[in-house]
Each structure stands twice: as C-alpha cells, then as structure tokens.
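In the two assemblies presented below, chain A is common to both, partnered first by chain B and then by chain C.
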Partner chain A sequence: MIEIRGLSFSYGKTKVFRNFDLSIPEGQVCLITGINGVGKSTLLRLMAGVLRPDQGEIRYDARLGADPRRKLGFVSDALSLYESMSVAEAIGFHKSVYGLSSFDDSLVRHTKISYSQKIRELSVGQRTILHLNLILSLEPEVLLVDEIIHSIDAYLRRIFLEQIVQILSKRRLTVVMVNVNFHDIEHLIERVILLKSGEITVDENIEDLKAKVKRINARNRPESLNILSRIDYSDHSEFFIYPFNEGLRGAIEGDIFDLNLTEIVSAFIGGEYA
Partner chain B sequence: MLKKEFRDALKRFVESLAILFIIPLLYIVDKLVTKAGLDFASYRDPGFVITLVIYAVYAGGTVFQSERKDRAFEYLFSLPLTRREIILSKILPRLGLLLILGGVATIVVGRGFLHEAGIIVFVIFFSSLFLSIGVLSIVINLFGVMLMCLIFSQGERVFGYLLLKFGGNFASHLGPVVAQFFSAAVLLVPFGIAFWLTFKKMDVRPLKLQMRTYYSIILPIIFVLTLLIVFFFRKSMTGFQG
Partner chain C sequence: MVELEGPPQIIIDAKSAVPVYEQIKRAIKLAILSGRLKDGEQLTTLREMALKLMVNPNTIIKVYGQLENEGFIYSRPGAGHYVRLDPAKFIQSKHELFREVSQDYISKALQLGYSAEQILREVAVLTNIGIPTARRKDKGND
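Let's look at the complex of A and B:
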C-alpha cells in the first residue's frame, strides 16, 4: 500500500503538486499518465524517495520495514547508475548494498551486454535492461517504472513484461508505471490515473474507463455529451466522449466505437492540448 | 558502499602521491644541474607537506565527484542507505588515508611536522569537504579552502592572544595547539552543520534550489568571523605582533 497525503512539491517557484492525495492498494498495477511536464516522473521520484516533499508524506505498508527502499524497485527516465563502473562492478555494488547473496541475471543474459563493459558504454536500451535486472533481483514489493521501458527493443520488452507477469502470478506486487504508450502493457494495468496541473483528473479502474470513453464517428457534434477531443476529416469527425453511459447509445447519431488504452489516453491528452 | 568509496579514495590518494615521486627528481636535478647545495630533507619535508595538503583538498573536494560525473545521485538516493551511512562511508576512507599519509610524513620528517601541520591539514580536508556540497569546481573549492585557511590562521592568532592573556601556565605549554583547535572548531563546526543539514535534505532537484540552508548559515558565519578578526586586530594590534 502506498499512501500519499497532503503532498506539496515545487521546483523553486514552480509548484508541481499542492496538497496532493493518492492511495495505491497493495498488489495493484497502476498507470500514471498525462501530458509532458505534468509531474508524472516527479511523482514517481517522490514515491522512490529521491525527491523530498516540501509538505505532506508518502507512506508505505509497514510490511516493507523501516526503510521501504529495500523492497522498492525504481527505474527512472534518467537511468541513473555509476557510469564509470563496469557491469560486473555495478552488480557487485548493488548486491553489497542490498545484502543479496546471489544475482539472477536472467534479463541481462538475453542481451549482448558484456560484464566487463563500462556502463557509460552501454546503449540506452542495454542500460534499461541492466537497471531493470538490478531492481528485479531485489524481489521488490513495489515497482516504480518510468516510461523508459520503451527505449528497449520489442524482444527485450516482451521478456521484461513476461517476468513481471510471472511475478504478478506468484505474489502481490504493486506496480506504478508512468507511460504514454501502452499497447504492450495494457493487459497488466488495473487502474489509470490521469494528471493535469498537479491534480488527478481521472482515476478509474481500466474496465470502467473503457466503458466510459468511446469514439463516435459522426457528421455533427453529438449534443449534450462531454467531448474530450475531436479529429476532423473531410466527410466526418471523430468525437471522443467521456463519460459515456449505455443509456445514451440510442440517442446518438453516428457509429460508436470501443477504444484501447492508448486511444483513450490519447483522447484525454489531445483534449488538453486542444 | 564503503568498499566503493575506499576504492575512490585510494585512486585520489595514488594520484596525489605522484608529487612524492618528484622529490627525488628535484634532488637529482639539484645535485647534477642547478647545484643549489640543498640536502635531500630540504626537498623531502616541503614535498610531504605539499602532498598532504593537495591530498586533503583533493580528497575532501571530490567527495561527490563520482555522483556528479556519473550522474548517480538519483541512484545513490534510491538505495536503502541513510544519509549518515552515505556520508560516513565517504569520509572514513578518505580520512583514514589522510591519517596514514600524515603518519608516514611524521615518521619521515619528525614530530615537528605533526605540530606544524597536524591540525591545519584537517582544517583543509574538512573545509574542502564542507565546501564540496555547493561548489562544483575543484579550483573554486581550492579558493574557498584558501579563504577558510586564512580565517583559521587569523583565528588561531586571536585565540593565541586570548590564551596568553588569560591562560597562565597552561598557555605556555599547550597554547598554540589549543589556539589552533579552537580556531578550527569555530570555523568548521558551523560549516559542518550547514553541510550536514543540506546533505540530509538533499534530493535530485537542481543544486541551486537546495542551497538556501547552506548559504544562510555559511555567509553570516564568514561575515561575523571576518568582523571579529578585524575587531581583534584593531583592538590589540600590539599583542598580535609576535
């Protein structure tokens, strides 16, 4: 369980969060999304403890012990590691800090990473894989992953996601992902949180969200419906509707389509840019 | 963490020791070319002092260098290490190697070395360390250390004067060391507090957004110490001449 209460945070004079609350139950796979610069990665860094709130608190389940970071796996978009270390040194350092007796290198094994290579010599994708492998070796209770997983190729991403699925099938792992592209992680996600100006504007279970967001292809703007965004074509327009309920179906002129998560989030984000 | 920091400190130590290899070279050049007639000790003793001072500045000032160079602050702060553990594992190996080098210098040069350079080397090390949190350049750090050494040496004279005036017999035996100790404490304790308070709350925000506490302690301290030294100088100029 992650409990955020009354969180305020700013970068100098730029306020990112003011009195922000969020609760993520144990074992939930949660997606945080929103337009660039809205504070998604900042929120993840606050959860990981690498940023400190100006006010408020972030509490983890007591099960995680006095220092939750011991059971918290965090991969940020900065991919911060000691770059002058070799892969072997980085693994050794990680093992010693976390007191691990062994290291399961099942992700790194799939890559062409050599243990003698310096981390600064690795590609972004290779660094991501190494970082993901390091955090998975902790057997984390909470996984905080920034949108960096898109820097790894489709094959390695699949292997990583398979590992996550495997862990999720064995135990209750809490996952918080920050992302704007979801086609291969959609099946994992249970809850979607959309941030706007440091506040939560959408907080829905994924199935509810899919039921509430629809695309309507029509010539004219559907009356009395809240339109998130629209795309105009020569002969018709696509209207993205939220919230939609089944009672409206008969009253709408046009074709109604279900959306996948990527399309849903694009509709929300498109609305913010409009 | 301690192992990594020891390796880092050892690297700086070996780099600083390079100066010691210049000593016999200078002596040979003297014997063969310039023929200034100086004995080996005339090169060896200042050589040790310079090496020790350079290592003290270098070891203290580069305490966060691997995190800055490798952009690893975020990784470091995500590890399950308290700030106390981090800073101790950074300071202890550096301080240990400084003590070893100081010990070797004392054995080679003699006990006088410890009296002359003992406390000042630690002032240099800790000044450099406490400045390193807010100063990214080792050159600017060096200027800061020089300023702090200047304040330290003037403070030493002030305390020396006070001990002479009020210390009685005690002052004649331990006066200079005690004066150095007090001067170092007055200078380093507030800097140490500022350093610790800043490091304790440090995160991955840009550095300039995190230095308010540090500067709000450091700047008034430097201002007050400078004023005090000027005041003492003016007040008892004659007492400071010797």
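Let's look at the complex of A and C:
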C-alpha cells in the first residue's frame, strides 16, 4: 500500500503538485500516464524517496518496516553504479552492502553481459537489466518503473517484463509504471491514472476504461456526449468519447469502435493538445 | 475434417472492450468444446500462460477460477488444472456456442438482404447436404 496525502511539490517556482492524493493498494499493477512534463517521473521520484515533498506525506505499508526504501525498487535512468567496476565487482559490492549471501543472476544470464566487463562498457539496455537484477535480488514489495524501459531493445524488454510476470505469479508485488508506450505491457496493467496539470483526471481500472472510451465514426457530432478529441475527414469525423455507456448505443448515429490502451491514452492526450 | 489437437492458440484482441479474461476464457472453452483439449488433459500452468500471453497472472487466476466454477476444468492443489467434461454440460454449452455463431452469421446475411429461405438454401449448399426443394430447383436450372 502506498498512500499519498496532501502532497505539494515545486521545482523552484514551478508548482508540480498541490495537495495531491493517491492511494495504491498492495499488489496492484498501475500505470501513470499523461503528456510530457506533467510530472509523472517527478511523482515516481517522490514515491521512491529520491525527492522530498514540500508538504504532505507518502506513507507505505507498515509491513515494509522502518526503512521502506529497502523494500522499494526504483528502476530509473539514475543508475547508481560505479563506472570503473566490473559487473562481477558491482554484484559483489551490492551483496556486501545489503548483506546478501547469494545472488540470483536470472536476468543478467539472459543477456550478453560478461562478468568481466566494466560498467562503463555496457549499453543503456544492459545497464538497465543489470540494475533491475540488482534491485530484484532484494525482493522488493514495490517496483517503481520509470520510462527507462523505452531505451532498451525489444528482446531485453521482453526479458524484463517476463521477470515481472514471474514474480507476480509467485507473490504480491505492487508495480507503478510511468509510460507512454504500452503495446507489450497493456495486459499487465490493472489500473490507469492520467495526470494533467498536477491532478488526476482519469483513474479507472483497465476493464472499465475500455468499456467507457470509444471511437465513433459519424458525419455529425454525436449529441450530448463528452468528446475528448476528434479527427476530421472529408466525409466523416472520428469522435473519441468518454464516458460511454452501453445504454447510449441505440441512440448514437454512427459506428462505435473499441480501442486499445495506446489509442485510449492518445485520445485523452490529443484532447489536451487541441 | 482435420481434428486439431494440443493447446489452443490464444490471440488477444487488444482493441476489444471484451475484457482480456473473457477473451482467454472463450478461447479455452472453444478448445474444450471443439475437442481440441480432451477430457482429463492438463492445461498450460498459470505462470506459463501469463508469460506466454504477457498478461497479469491475476487475469489467468480469474480465467481458471471461472472455468472451474462453470465446470469445464478442475484443479488439483499444487498439480495444475485439468479439463473435465460433464457430458450433459458439454452438449448444452456446445449448443449455446453454436447458437452464438449462427446468430452472427444470420444477422450478417439478413443485413445483406438475404431472406431466411435463401440463407437456409445457402447453408445446405455450403455444407453439401442439400435439401429436397433446393435440389429440385437446381436441377430445373441446369
């Protein structure tokens, strides 16, 4: 459980969050999305304890103990690895810092990373995988995943996601992802949160969201429906609407289409840019 | 007709508002009702299914749980899930599925302007059965 209450945070004079609340139950896989610069990564850094709130608090499940950060894995681009160490030394260092007796290299094993390679010789994707492997060795209860997974190739991304599925099928793990590209994580996500100007504008479980956001192809603007965004063609328009409910189906003149998560988020975000 | 065997190919339509658990459930049901998955056969494990389809393991837990409640499969604690075929239930579910498929076909054909008689005749031709009246007419046309 992550409980954010009355959070305020600014970068200098730029207010990012003001009196912000959010609660994420234990074991939920949650996606935070929104346009660039809306504060998604800032929120994740606040949750990870890398940034301190100006006001308000972020509370974690008491079960995580006095030092919740130990049970919190933050996968970000700020990798705290010593460049001059070899992979073997980095793993050894990690083991001694956290007092681990063994190290399961299930992720690194799947890559072409050699133990004698220096950290500085690794690609961004390889570093991310190594970093994730180090994090997972601490058996985190919460995994915070920043947009960094965009920078790794399709194969490593698959390895990364498979590892998360492996853990989810064994035990409870709360996952909070920040993302704008979803095709391969779409079916892992249980809840979608859309941020706009430091506030939550959409907070739905994935099934409800898919039922409520539709594209309507019609010649005329459908009446009495909330339109998120639209695309006009010479002979018709595409209207993205929210919230839709099945009771409206008969009254709508036009064809109604379901959308995938990428299209749904684009519809919301498109509306913000319009 | 070639009889398909082995685990069904499950394709999730990410665009569909039909929940993912429902899509997977339908695919497994179809595999059972079409005889592709046989009585007593073991289903792909929860973990493997989640990995293969890259879906949240909770979704697969829901699918298997519902299939179990509906009497299509049973679980052995710690040893996986297995197909169970109750003959009466099998016939009923199969018929329900047939109705669903037929409804879809018929409504599309009606939309195209075909009458019930024409649809019936077409079905007879397509399935190579033929019905007496249709056959007589065919001969007349020759």
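In the analysis below, the second predicted complex is superposed on the first by the 269 of 274 C-alpha atoms of A that agree within 3 Å, B and C clash if a C-alpha of one lies under 4 Å from a C-alpha of the other, contacts with A are read in each partner's own complex, and residues count from 1 in each chain.
One rule holds for everything that comes next: a contact is a pair of C-beta atoms (placed from the backbone, for glycine too) under 8 Å apart; a residue touches a chain by one contact, two chains touch by 3 or more.
All values reported here derive from a predicted model rather than from experimental measurement.
In this overlay on chain A, chain B fits alongside chain C without clashing. Contact with neither chain B nor chain C is seen for A:V124 once the two complexes are overlaid on the shared chain.
In the superposed pair of complexes, A:S80 makes contact with chain B only, with no contact to chain C. Shared-chain residue A:G49: touches chain B; no touch with chain C.
Contacts of A:A211 after superposition on the shared chain: chain C is touched, whereas chain B is not.
Of the two partner chains placed by the overlay, only chain C lies in contact with A:L261; chain B stays clear of it.
Looking at the shared chain after the overlay, A:A88 reaches neither chain B nor chain C.
Overlay on chain A (Cα): least separation between chain B and chain C is 27 Å. Residues 29, 161-162, 165-166, 168-170, 183-190, 207, 210-211, 214, 257-261, 263 of chain A touch chain C in their complex. Those residues of chain B that touch chain A in the shared complex are 1, 3-4, 66, 69-75, 77-82, 201, 203-206, 209.
By the touch criterion given at the top, residues 11-12, 45, 48-52, 67, 69-70, 72, 74, 76, 78, 80-85, 93, 96-98, 120 of chain A touch chain B in their complex.
Listing the residues of chain C that touch chain A in their complex gives 12, 14-20, 46-47, 50-51, 53-59.
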